[in-house]
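Quick heads-up: structures coming right below.
After this come two complexes, each holding chain A, first together with chain B and then together with chain C.
Now for the complex of A and B:
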């Protein structure tokens, strides 16, 4: 162990391999810069080619987001939808109401914390198992892959219900195995969040694992072999060889996980009965659903949606910028 | 130059989008058509065992179609849980909306505010059977003095208890709230595997009688405007009494805080609770459970020994949609579905308590199990505030949140009820 952490150990040499790996892809990227000329005469032609994609994107993305934004400035409840009362422009009133609401701030905080924990756990479990996949023989690898795919393929509602049953205080096997009597996991705030976190990690690690596993397979075997010959431990190889080589993949997987875990709905809704005891396990999406659809305050619900959208955009853009500032290509 | 053309194009496009895409509002203005033939569409709720209800309804419809030549009635049974979405959709799209619907009486004010229900005051007053409708049922179809439907059946809750357990412990059926609480605790102490009285943090309608029995109220009306009264001293006493039932000495908060009404009835029916607050409509479920033949029902006791706690007057109504193009036919079908005869048959088939006092008296004489519920009704029932805000208060879980905050020890009664009152007042204020 001490050999590896010594400054003269392989750690010093690794950056060069890493550069070599990245260097290999560079010529291709560079070649694009050397022939910019053919673009000009095209004029409208490129637009024609992307038009179908743009139209679909515009229809499926821009229009709903536009509607969401518009409704968030309106007084828009069931009475307005069904024509009982006229729709009224409220300006920023929905937003001021939202930010004056203690519960909203609390939910926002809980969502950020919960999503962060979920992302960290998912990435840790997914990456660890991906490395494990490359280390084991065919049969256990197949078993692990099948188990992960099973978790991946399970519908969220089914998965949540099964987890809830496993942890049921009266009938669940987990309490019996742990010997903690009839402990109710959904009663305490943190135990309920922990339970949901376990389910979220369980159903989202396969994506991380499979993607990272594919990435590791693409890393030239001689580099890994060289590191192993130099006596690098698994952790060292991961940190100094694999992780830098897999950077683009990890970026995508992280951004995906952030977005998924921030928007978690089904698990909370099913496992904590719509937000837990006295709403202690509410996250933004469930809260927005409660406002918009349970109590028909579509305007307020849309405002929550817009806030969620902005936060996710900010996190994603901030993360990408951070990476770029570190001099990394995406 | 090219750029500016493109920009102009984009701007024009954007402007067109803005103009075209304001959020939708459907016109549920009253239809001016009143066709005397054609298809009349009806939505009724799907019951746990729907066959008997369907048979009664089919007979009513056969009679209706015979009386009105050239009409065709289609009935759809919709699940209660998804009624909110379905009814909202019906209000939003009159084209595919039914003409006649069954709806829960707590939804009346909200549906009226949404502009969905037709005012049938004139027809209701002219209806020969209407005078025997009991006053609480009439109140449940009335908003601002106008009638928006006909009461279909009432539902009230009473105290179910295990006769074998109480006899074994030498206890009698409780006659006051204090005795109810002490009985519950003595059962739990003697039989730790049972809940004394199954209560639920999300069981609003089981908790309300405690508030009313102590002289409290949910809200007070003044000149058509409501203000919350949930934080008044009397209401707090009721909340205190109800929440004192959560704990290891009766119903552990860890399990009971999240329970709703159905969960408590299920606990009782499966033999896990010695007492529960259940409705006349729970009778079939309890009969189908393990405790069949080992239980009895009495009215939920009030504060004074021998008194009855005011119960919540639940139930469903039949209404006509404002958008109907067969108004006369729809009103006639509504009256036939909610008639004395149909209600009597539905009671025999489903156990739904009739809304007519005379039909109800006859029903109680026939089936003794109804007696405690009829007694409860006779002792006076209460209703939730007839404000459109109630739907919002109900669906944003204001009261369950309050009870859960108290039983989980997050807030004391005073703080939790003050918060709930604030949320209720916000909703009342917004709804005016």
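Now for the complex of A and C:
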């Protein structure tokens, strides 16, 4: 309390350097004792401020998660929804049924593989273009930024339909350009996944590019120049200078991408017509949707949802541990 | 000497980099160009097996078809109502919560922050089933409320997480000065802090807007019988019949759906970049 008002009298403006020193010491201030920032113990006020958020999240996020878990242990089909039959507790039966199901295991594998491929491609493209942005003058930079912004802003569903049109075997320009006649991209399993992957990368690399670009610009130019003068190659500069400095940003961007790409629904649903021929392009989310809303097996669908949730939770916890190891203050 | 040589070596590289950047920009922008082109091409040209990257006789027929055949205007308004409600509600709630966790020290503060982070990771799509039953019990099925409520909840954690940086950036001394001048807590919150954090709020709202505007799964699952409550994604799919897609209609509808987001993005893009930087650096 004493340090709070000591340097300057009440109402007087502090000298700029005092504020600068305080501001600089705050983020890494460490323990409470050395941190003079007047983060007041506000009694009930902070709880009043978070109350609306907690209320909304509790009702529309926590409670549904609890319900999801509950339904996944139940026999819950059309008969139970309409009230014709009572819900029955099945224990782990839904889960054993799932893991005995060949298709589910295949879908699980496809989801992991597809998400991994999407994340790798998105990160590679995003980081490469972020570096490229730092190498060019204003006009090409603006052009690339604007184009990326356009791709970013495109709603998922219109992105899906436009890419379908681009790759349409009859009227699309891509097949003409590649000279492959009327090749149907959505017919084969892997070509359909590739098509969706291209669309996903197209609409998600801008986030990576813009974020990483903002991060690179925060790296002091002298360091980069020194490295360049010492004859370091672009790759070497990236690996030894930029990547370490950008690590916190890269971690965030990677985890966000993993989460987004793991949850892909609209693209698969629209581009492969609900999961592809005989379900060859199903991913977990679409599979859960089909199980629940197309064949009314809400219990099974919920069990799939729980599996997705657990996988993402594991990734989140790993992410939190990474953050803590880096000593980030929350 | 060495400087001059360095420049001579670097110059072609920079030109190559700039050429690459322009080429990539063209490739990235091409789908959007093709969408607009497809919307403007007359019917005969779009169903041509020799697609040309230009059109000699642009027409608004596809747009006319979109706005006439379906209740497209209504869906557009519905989508707008959902997105704007979500943006305003989540911005206000997130602002309060972000203020609480950055400007106060209280028990469970860190726990709350971790909770918000974990909440951000919850896959929306996995919750469709319980939310369906919840909305049914609340009597919200087939209403826009069934789309607004979940999206407020889902955009909150990220909004709080991102706003934190902006609220933190407002100097503490300002807060003290306000109290010394006799401002109440509420006055400080709404009259001083809110205007200062507004740029951050705008950047944050882009994400809420997009998630609500993009919503396809909830619209598909919760608006089941009352099509007057449908939103744009569902309307777009009307034109996309699996065997005989009306590509002109699809492209025109896609354009109508993309333009508002593009406008919004261009308006806030400066704040977006700095906002992301702030959220990431803190």
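Quick notes on this structure:
As a convention for this text, the second predicted complex is superposed on the first by the 256 of 330 C-alpha atoms of A that agree within 3 Å, B and C clash if a C-alpha of one lies under 4 Å from a C-alpha of the other, contacts with A are read in each partner's own complex, and residues count from 1 in each chain.
Note that in this section contacts are C-beta pairs under 8 Å (C-beta built on N, C-alpha and C of every residue); 3 or more make two chains touch, one makes a residue touch a chain.
None of these values were measured; they are calculated from a predicted model.
When both complexes are overlaid on chain A, the residue A:78 reaches chain B alone and has no touch with chain C.
Touched residues of chain A, counted separately for chain B and chain C, are more numerous for C. Once chain A of one complex is fitted onto chain A of the other, the partner contacts of A:87 are limited to chain B, with no touch recorded for chain C.
Look at A:63: by the touch rule set out above, it reaches both chain B and chain C. Legend: residue contacts after superposition of the two complexes on their common chain; A:178 is shown touching neither chain B nor chain C. In the overlay built on the shared chain, the residue A:52 is in contact with chain C alone; chain B does not reach it. Residue contacts after overlaying the shared chain place A:322 against neither chain B nor chain C. With both structures placed on the common chain, the touch criterion links A:158 to chain C but leaves chain B unconnected.
Touch criterion met: A:187 reaches chain B, while chain C stays clear of it.
Of the two partner chains placed around the shared chain by superposition, chain C is the only one that A:168 touches, whereas chain B remains out of contact. Residues 63, 67, 71, 273, 293 of chain A are contacted both by chain B in one complex and by chain C in the other.
Across the complex, chain B is touched by residues 63, 66-67, 70-71, 74, 76, 78-87, 169, 182-184, 186-187, 273-275, 277-280, 290-291, 293-297 of chain A. By the touch rule above, chain C contacts chain A in their complex via residues 13-14, 17-18, 20-22, 24-26, 28-32, 34-35, 38, 46-51, 53, 92-94, 96-97, 99-101, 103-106, 109-110, 112-114, 117-119, 121-134, 149-150, 152-154, 156-157, 160, 171-173, 175-177, 180, 185, 210, 213-214, 216-217, 221, 233, 236-237, 240, 242, 247, 250-251, 253-255, 257-258, 261-262, 264-266, 269, 272-274, 276-277, 280-282.
Residues 17, 21-29, 84-85, 88, 91-92, 110, 113-116, 201-202, 253-255, 257-258, 388, 391-392, 395-397, 400-401, 404-405, 408, 410 of chain B are the ones that touch chain A when the two sit in their complex. Of all residues in chain A, only 4, 10-11, 14, 19, 23, 27, 32, 37-42, 45-47, 49-50, 52-53, 56-57, 59-61, 63-65, 67-68, 71, 129, 132-133, 135-137, 140-141, 143-144, 146-159, 161-163, 165-166, 168, 170-173, 176, 202, 210-211, 214-215, 218, 248-249, 252, 259, 262-263, 265-266, 269-270, 273, 285, 288-289, 292-293, 298, 301-302, 304-306, 308-309, 312-313, 315-316, 320, 330 touch chain C in the complex they form.
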